[in-house]
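Presented sequentially are two complexes of subunit A, the first with subunit B as partner and the second with subunit C.
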Partner chain A sequence: MDILGLLRFYILYPSFFVTVIFPGLVFTLLLLLVTIWFERKAAARVQMRIGPYYASKRLGGILQLVADAVKFVFSEIIIPNEVNPTLYALAPVLMVIASFLPIAVIPLSVIPPSGSVFSIYFKDFYDPDINAGVIAGLFVNYNLLLVLAIESVYPIFVVLLAWSTNNRFAVVGAVRETYLSVSYDVILLMSTLAMALEYHTLDIAKIVSYGIPGIVANPLAAFLFFVAMLMGSSRFPFDISEAETELVIGPYTEYSGFLFVLTMAGSYVGNFIYALVFADVFLWGWYPLSGFPGLVLTVLKAVIVLFFATFMRSVYARYRVDQALRGSWKYLLPLAFASLILGMVVGYVWIR
Partner chain B sequence: MTNRLEDVLENSGMAVDIVPVEGELNVGPQHPGSGHMRILVKLNGDIIEDVDLDVGYVHRAVEKLGENRNYMHLIPLVERPAILDSIHMNLGYVMAVEKIINVDVPERAQYLRSFAAEVNRIASHLYGLGILGIFLGHSTAFMWGFGDREVWVHILEMLTGARVTNSYIIPGGVRRDLTPAIIEETKKAITYMRKKLEDWKKIFLYNPTIRARLENVGVMTKEKAIEWGAVGPNLRASGVYYDVRKIEPYAAYPKLDFEIPVYKEGDGYARTMVRFEEVEQSLRMLEQIIKEIPEGNILSDRFFKQIPPTRLKKWWEGYRRIVLPGYYASFRPPKGEAVTRVEAARGELLYYLVSDGSAKPYRLRMVTPSYRLINVMRNLAKGSRFADLVSIYGSLDYFPPEADR
Partner chain C sequence: MDKVKEYKKANPFKLFGDHVQAIGTGIKYFVRPQRITLKYPEEALSLPSGYRGLIRLYKDVCIGCTLCAMVCPADAMKMVTQEGKKLPTINYGRCVFCGFCVDICPVDALKETGVHDAAFTNRRDLVFYPDKFNKSYDEPPTERVVKKVKAVVDEKRGIKYVPDE
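So, the complex of A and B:
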């Protein structure tokens, strides 16, 4: 094998390609900029404004975000006197890692035995359930469960972050985040459990390759997952822990410069991971395609879900924390049970 | 029930220690949701135990400064506390001066005063709704409020020459006349606003999140509203029919046909609804004013005669503008005192002016509507949730500079 072929082999190796290049670190960084640009542009459209414009008139002002990012990276990081500097700097990093980690185990496409650039890895990422290879950082049989388990660690780091900054607004925001995380994680898990029961598997790849999109098989679970996703990633109308006019920016109040970018990125990355799961489980993932085009299709669907979630900003105000809690325990939890039963029934009758 | 549950838990060795979480939050004055003041919030968990509104952050000593300026120079000063509502601030003061110097105002000027006041009322209410929107996290309402306000600010600019601090009303009349171009623009603005109010209802008033945040929040009963001294839309939202425009009509209001929206719920949603309907009523009044405005002079003859004929020809006949006659430079009104009330956008605005015969007032007292809301806001916030603080604040349309003066 020549050197180029070797390089190609390692770059395209799914564990590297998925986690670092696409849709991993490099793509996520770009996506972050595009998402915030879209959020600002779409809101501006609704709100009779133009939004970012002057930084690059032909590109619709997208370079404004690059300029913002450069500015943030080079601005001073102010560390308050009374904090532990190690924890203070480490907490946002850990938070972003926790929110980003699940991307390693989400199946994003299948590898056909031949004909795809990924076909050489067919055996290494072989999934016996669907009799094909899977493009994922690491193939695990129970990836549906693992994704949610890793992602649910994220709020713990939010609390750590708020605690280490020693700010009252941050602590109030962290307490709100704690309350919310307890309620949305339950709904998130129950709606995915409904899908697992329905498709008789905890493997996302098998759910996708069944041939019936989850949103058709169990629309209730899809709705619940979407709402819980909005809660979990602090999107409107559940922008409760960061409520700007109440808590400045909630847990992230004390941060500045690049660490602030990391704290902001945490919720967007978390939203993107949930959107990837949503695209896979409910929107049929890569379905008619496979290989690299399938990967692109899955990510495209996830990006649309992400954009839709960010668009909520221009439609809704924010709920109060007690209203969100009451809503999720009083109305969404019974709905989650209903979706479980629906999943069981449909799984027994239709999907075998 | 709770006692029994606690007993069960204790007997089984699973007793829960409920630790009261008390603390103070220092909201403002540099905070996205505090405005120009500091709010000391004493919290018990999520419940507000006490609120201390530390007002005075933008205090400008308008009343004291008023004793050191002559009467005309005071006009721009009294507008400053509420620049978004400057026509009303101006109107109340000028009415007090007119009472002391005893001058009649021509009919056309009265109509123009009402016209400017209602345009300003719409602009001010849209501002308030925008602030309420962003307090609740609804950025669209914020941008729409400020965007739609621009339409009305533009009309004020055409009429008076300034966007916000207009200084339009002078003792004896107003400074500029209504031109056909302004009438045309106002008609367009009325049509636009009617259309836009429908959109406002869809995205703001009927929005489930807005309803959840405003309904049954900051409820003020009729008795409490009177006891705490609430004024304006906040009082009317608690079921009290009180509006200076009806009780003690001034300017052209006796001749205009309009209604006073009154709600009996007394919560934040009712207050928001009252503002919406007042905007609709103001649109109605503007239509009437445009149709019924009589021809004539816009300044009292007593002052009009003093304008030199050459300047009169150039400015009044050429541009329909008043050139201030020399009388205004530093007139000495007779001894006396006057009290006037006007219905400003946020409620009753009271001026008390004492003249000792010199060129400067002996005492100028202004009781602004926001000043009266300090007590209301403090009482309403007690016992509500922390997140409701901004919702009460926004729904009262409290404006700190106006309260501080």
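So, the complex of A and C:
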């Protein structure tokens, strides 16, 4: 094998391609800028403003985000006196890792036996359940469970981060995050459990290959997952932990410079991961395409879900923490039980 | 012990409907935005003629009585001596555009112009010494064309800008 072919083999190897290039680190970085730009522009459109504009008039001000990013990256990182510097610097990094790690196990497309650029990896990523290869960083049978298990570690790192910065606002924000994480994780897990019961599997690839989108099969679970996604990644109306008008920016108050970029990226990346799961489980994922086009289709759906989640900023105000808890325990939890029963019934009657 | 007041009972279906309606309104505005932002350097509101703007000095008329510096409530006006004559100098960093100096001047050596763009790139430029103060600022000091607009009340959008001739 010549050197170019070898290079192509290793670059397109799913474990590298998915986690680093698309939709991994490189794509996520670009997506982060575009998402924040979209969030500001959408909120401005709805609120009769224009939003970022003068940095690049032709591109609608998207270079403003690049300028902001450059400013943040090159600004000084101030470490407060009474903190442990190691933990202080490590906590945001760990947080981003915890929110980004699940991308390694989410199946994003299938590999047909021949005819695709990924077909040479067919045997390495073979999924016996659907009789095809799977484009994922690492193929595991119980990936639906594993994604949510890794992603649910994220609030713990938020608490660690807030504790290590030794700031009152940060601690209050972390306490709010803890309250919320207890309530949204239950709903998130129950709605995915409903889907697992409905499709008789914990493998996302198999759920997609059934050919029935989850939002049709169980709309309750889709709604619950979406609301829990908003809570879990602190989007409006649930950005209670980082409430800017009350708590400066919540757990991330003490951070500056590049570490602040990481803390801000954490929730957006988490939202993107949840959106990928949402696109796979509820919006039919890559179906009916396969290979690289299927991968693009899945990511496109996830990006639309992510944009819709950020669009909520322009519509909603913020809930108080007690209102959010009351809503999630009083209304959404019974709904989650209902979705579980609906999933069981539909899984018994319709989806064999 | 009194019973803690329970939240207002609400119909959950109505709540859900309200949320859907809110998101629908948001999407409506997103698709068809009704922006009322004025892109200021390119467009500017034409202001009424009595709107106080930058002040100019007629150096030859001024008798150097120092009344303007005395009455100035913000200490923006100061007197400087130039070639044996006392002349006012103004600091727009302090000026509150109250117009007292114009009112008190016994020989009408100060005049309010119709220029309101008091923005400078440098703090030193905020201070107008008599030579600069003497110049007419009736024309806005800009190379680009400024579109003058005026605001009118609109039934649908609340406020609308139309070009002003």
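Convention: the second predicted complex is superposed on the first by the 352 of 352 C-alpha atoms of A that agree within 3 Å, B and C clash if a C-alpha of one lies under 4 Å from a C-alpha of the other, contacts with A are read in each partner's own complex, and residues count from 1 in each chain.
Note that a contact is a pair of C-beta atoms (placed from the backbone, for glycine too) under 8 Å apart; a residue touches a chain by one contact, two chains touch by 3 or more.
Predicted, not measured: the structure shown is a model, and the values here were computed from it.
Touch criterion met: A:Glu244 reaches subunit B, while subunit C stays clear of it.
Shared-chain residue A:Val315: touches subunit B and subunit C both. In the superposed model, A:Phe236 lies in contact with subunit B only, and not with subunit C.
In the superposition on chain A, contact of A:Phe169 is made with subunit B only, not with subunit C. Note on subunit A: of its two partners subunit C and subunit B, the one contacting more of its residues is B. In the overlay built on the shared chain, the residue A:Val269 is in contact with neither subunit B nor subunit C.
In the superposed model, A:Tyr331 makes contact with subunit C only, not with subunit B.
Of the two partner chains placed by superposition, only subunit C is touched by A:Ala42; subunit B is not.
The interface of subunit A with subunit B overlaps its interface with subunit C at residues 46, 48-49, 314-316. Partner subunit C is touched in their complex by these residues of subunit A: 42, 45-46, 48-50, 53, 311-312, 314-316, 326, 331.
On the side of subunit A, the complex with subunit B involves touching residues 43, 46-49, 168-169, 172, 236-237, 239-240, 243-246, 248, 313-323.
Only residues 7, 12, 15, 22-23, 25-27, 29-30, 33-37, 39 of subunit C touch subunit A when the two sit together in their complex.
Taken in their complex, subunit B has these residues touching subunit A: 23, 25-26, 31-33, 46, 133-144, 147, 203, 207, 209-210, 212-213, 385-390.
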